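Letters A, B, C and D name the chains as they come in the text, with residue numbers starting at 1 for each one.
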Amino acid sequence: MEEQEFTPKIVGFLCNWCAYTAADTAGVSRLQMPPSVMVVRVMCSGRVDPLFVLSAFLRGGDGVLVAGCWPGQCHYQKGNFHARRRAAMLKSIFETLGLEMGDRFRLSWVSASEAPRFAEVAKGFTEEVKQLGPSPIWDEVFL
Amino acid sequence: MPEGLKINKGAQEAVRELLCSLLESGRVNGVLALGRTRGANGGVAYSLFTDSDAFVADGAALPFLPFMPANAGGLLSRLTLKGSLAGPVAAVVKPCELRAFIELVKRSQGSLDNLLLISSTCGGVYPLDVGANGGLEERLPRYWEAVKQGEVDSDVRPVCRACVHFVPENADITVALVGEEDLDTQCTLFLDTEKGAAFVKGLEGLQGTSLSGELETEPIQRSHSQRAAYREELFAGVEVGMQELIRTFGRCIGCHACKTVCPICYCSLCYFDSQDCEYLPEIYESELERKGGLRLPPNTVFFQLGRLAHVSVSCVGCGMCTDVCPADIPVSTIFSKVGTSVQALFDYQPGKDVTEEIPLMTFEEEELAQVAT
Amino acid sequence: MNDKGAILPAENGVEAAVVGWLKEALNKKVFDALLMPVQVPAGDSFAYLLLQNPALLENGSPLPPVMPVQGARAISRLTMRGNGSKRIAAVVRPCEARAAIELTKLEQAHLDNLWLITVDCPGVLPLSDYLDDPAAGAARFVEASQHWDRAPMRPVCQICHRFSMPASDLHVGTLGSADGAVFVIPGSPKGERVLESMDMPVDAALDDWAAQVKEMEEAQTERRQQAHADLRAGIAGPDGLLDVFSDCINCHNCQRVCPVCYCRQCYFESAALKLPPENYLTRSKRKGALRFPPDTLLFHIGRASHMILSCVSCGACEDACPMSIPVAQVFRLLADRAQETFGYVAGKSLDDPLPLVAYEMDEFHQVEQPYVEIYHKREVQDA
Amino acid sequence: MSDEQEFEPRIIYFLCSWCGSGGGETAAAHHLHYPENVRPSRVNCTGALPAVHIIRPLIEGADGVVISGCYPGDCHYNDGNFRARRRVALVKSILDTLGLEPERVWFRYVAHGEGQRFVDTATEFNDHIKKLGPNPLKTRSDT
């Protein structure tokens, strides 16, 4: 990655009802966002399997963002609650094993109407990942 | 104060006698217990006994051998998977096996109906390769000496020396072993549940004086703190960081044996063995372009992290995964350490209570506020 | 057997020569990528890497002291769903090449864009011995392999008689070669084209290499027959057989590491053997007791009935057994005898059809039980 | 009653559904008797009988397994009996190598109309197994 301006590759799992809509509205209303978030639309943040997050990291992703509806607003009532527990478990695993992925993994609640918040989350997280630099296992052969 | 029974016979012998009379009286149809297969160096295996001769003099059944050829929790799941037992069956299992079975029952992989669960305070077991080279026999005297003092023999598996749940909680009958000086001549059974008491009450051929005593004796508390200290030391020894993880699993040959023997890993077709992980050549080639090289078979670290994500919440630290690893990787130390921290996060102890939901299957409205930012 | 080969200078050893040659082939774009064993970062084992970055070749080892992963498993994972576009050179052992050929016939691998490159094989150390002390193991291996001493190697390697010239595309002959040079022998038109593009003249006579290989094969075959006889005496009959497998804990490691056992879900782990509790209790009453998990002997004999005709006796199963059961030796004995019955050698050539797939109208009459007339006559008298 | 009389072998008789069981039906039509301890078990074609289904009875409690299907060339599926013949050859080779009495497995052709031959095979095999004695594996608790 030549050093001109490192734009991190962030895989964003956005829940179809809230986060994806917010992202879409942010795009439509031309809010300034770094082009670093590669969006994967999922029906609910509860649909995000820990293996998706691990696979995104081990395939060279610099960061993973899971964004869903605010607790209590989930279209399926409890999807985001499960997502929260899974994220907590994953963070605990990363922390116990001293993996930097823990800092590169973020769970955010973004309601459908909060386009500016989504832009803010995208910008803030991209900045955070930029500080951490490219993923150390980007070209790890023995994974 | 739990109601107990004191039998003036050695623990192994007393329990064999109990099982023999249970079978003969027809109170149980079968007994799952450790025993010697007929082999020359007498391989040790779990067996489903239905003939009481196995429990007399030189019978094959030896319930308290310090050896774990398979996790009996997984075996009880195999026994009761396709329907609960019609008639009662007894099983002599170690505390971690009992906890593994309860975790499996929560996943509807077995049922507790008609099962008489007999367990004991556990002094740990020897690694598989000790048994493989016939080294079990000569270690028995040393093992029982350590158990009497409430110590753990140094040859015992690290994961057992670090086990803080060596006192069973859900057994119908608990046999006191750890810290019992006179376990060669005396045997104390605690009847933890009515079911346990019902099975034993009025069982002819079993002379014992009833007593009420405390399972948590002083040697057990001492052993508990010793093991907890060893556990800190063992967990501190785990090399953390991605590069260290890659070095630790460098030797992994991708045989997935740790998954096969893990009682909590019950999927009939694991994600990592399924078509989802049989990639098209183009995917290998694009990875090759990006990284200049990739390991085959793939997903070595991904398999370990993925299995951790699935199992860590219920890992009971039974140590089978390290035992079967052909590459001598300390898998169970890593899984126990991560399991302990994940379980602490949800304040959950696997195998403690069959009615308690598995943490990832339930939630609280207000919790873990620090996770989402 | 091709009677001419090319000369490859090898002053500082076979491994260095082969790695150098591969690097040159990569630079010349003869191959797009290599698949070969490479030492892992911790230096305590080897892993198969698909690589195109020559820097990774530094730790590459065509003849590692140990076989943690069976090469055919790596080849199968890579080419299971098609040939791919890259031209790949796979540097594997003769038994791994034979297993790859079997897997191709079993439609689990595609070798059109893949060159099998093998080297005369001195055998490998048992995995557990090596892992106890990798550095000492490597030294012990180099010392023993120099003068073809197979004593420290695995039991199946000690009596391997197919250590040279399998049906691979290119074979490096190290036996009988003068110091400082080895032969590179093409085994197929694909192999010849590679030697042409590497402008290596295929003109060296291979007589003394072939003679030495033949002589060693005869010695090994005789040792193998002796080993068969000894083993069979020990394990024949229920007692002997159940003694061997009395330590088995049903972890099925031997099935998972076996290159030709490719089923995603093994019959012996499927629902067919997971039965209601009453079944286990009835079987226990009939047999006196029932080993649990049950079906240990059924697993081993049943697995043999599935794959024994494709078994290349590579010894991976014995390496993976946590209970040190001589699985590979038992399966090698079963394989040799079963394949002999069908006149088939596993992995010998892509053209030999799989024995259980092909058939003749007129064959195996010794299996058909002749009809004895006397029973019919007795029927007439009684009537 | 000598020991041989008392020992009543448990025999599994695999019959292909076209010729083998046809022989059975013809035998029934002619009221021919065959020993009761021979248990017929119908398979679509002898070629459809996996090797494991020959081995499993021998371990779990059968004293003998006999397989009857169509004559070469008569098979409803053209080559089922050829494959079966090879598979039985393989099973016999394995049992022989392991010293587990391959003669407890028989393979004999029975055509649809050969009721007599079906009954004779059952009787002959029953006597053969009586001579051989009980299968040692069936009472082994460590199989």
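The rule is simple: contacts are C-beta pairs under 8 Å (C-beta built on N, C-alpha and C of every residue); 3 or more make two chains touch, one makes a residue touch a chain.
Here the structure is a predicted model, which means the values were calculated and not measured.
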Here the gap between chain B and chain D, centre to centre from mean Cα coordinates and rounded to Å, is 43
Centre-to-centre distance between chain B and chain A (centres being mean Cα positions), rounded to whole Å
38
How far is the middle of chain A from the middle of chain D, if each middle is the mean of its Cα atoms, in Å?
63
Which residues belonging to chain D are in contact with no fewer than two other chains?
140-142
Chain B residues counted as touching two or more neighbouring chains:
37-39, 43, 45, 47, 60, 243, 246, 250, 292-295, 300
Residues of chain C that touch two or more other chains: which are they?
40-41, 47, 49, 51, 56, 242, 246, 284, 288-291, 294
Graph of touching chains, which shape: line, ring, star, complete, other?
other
All pairs of touching chains, please: list them by chain label.
A-B, A-C, B-C, B-D, C-D
Residue numbers of chain A touching chain B in their complex, please.
50-51, 54-55, 58-60, 71-72, 78, 81-82, 84-93, 95-101, 106-109, 136-143
Would you pull the chain B residues touching chain A in the complex into a rising list?
240-246, 250, 271, 287, 290-295, 300-302, 305-306, 308-310, 312-313, 334, 337-338, 341-342, 345-346, 359-360, 363-365, 367-368, 371-373
Quick one: in the complex, what on chain A touches chain C?
141-142
In the complex formed with chain D, which residues of chain B make contact?
37-39, 43, 45, 47, 60
Could you pull out which chain B residues touch chain C in their complex?
29-30, 32, 35, 37-43, 45-51, 53-54, 60, 69-70, 75, 78-87, 89, 128-129, 131-133, 243, 246-248, 250-251, 253-257, 260-261, 268-269, 273-275, 278-282, 284-285, 288, 292-298, 300, 323-328
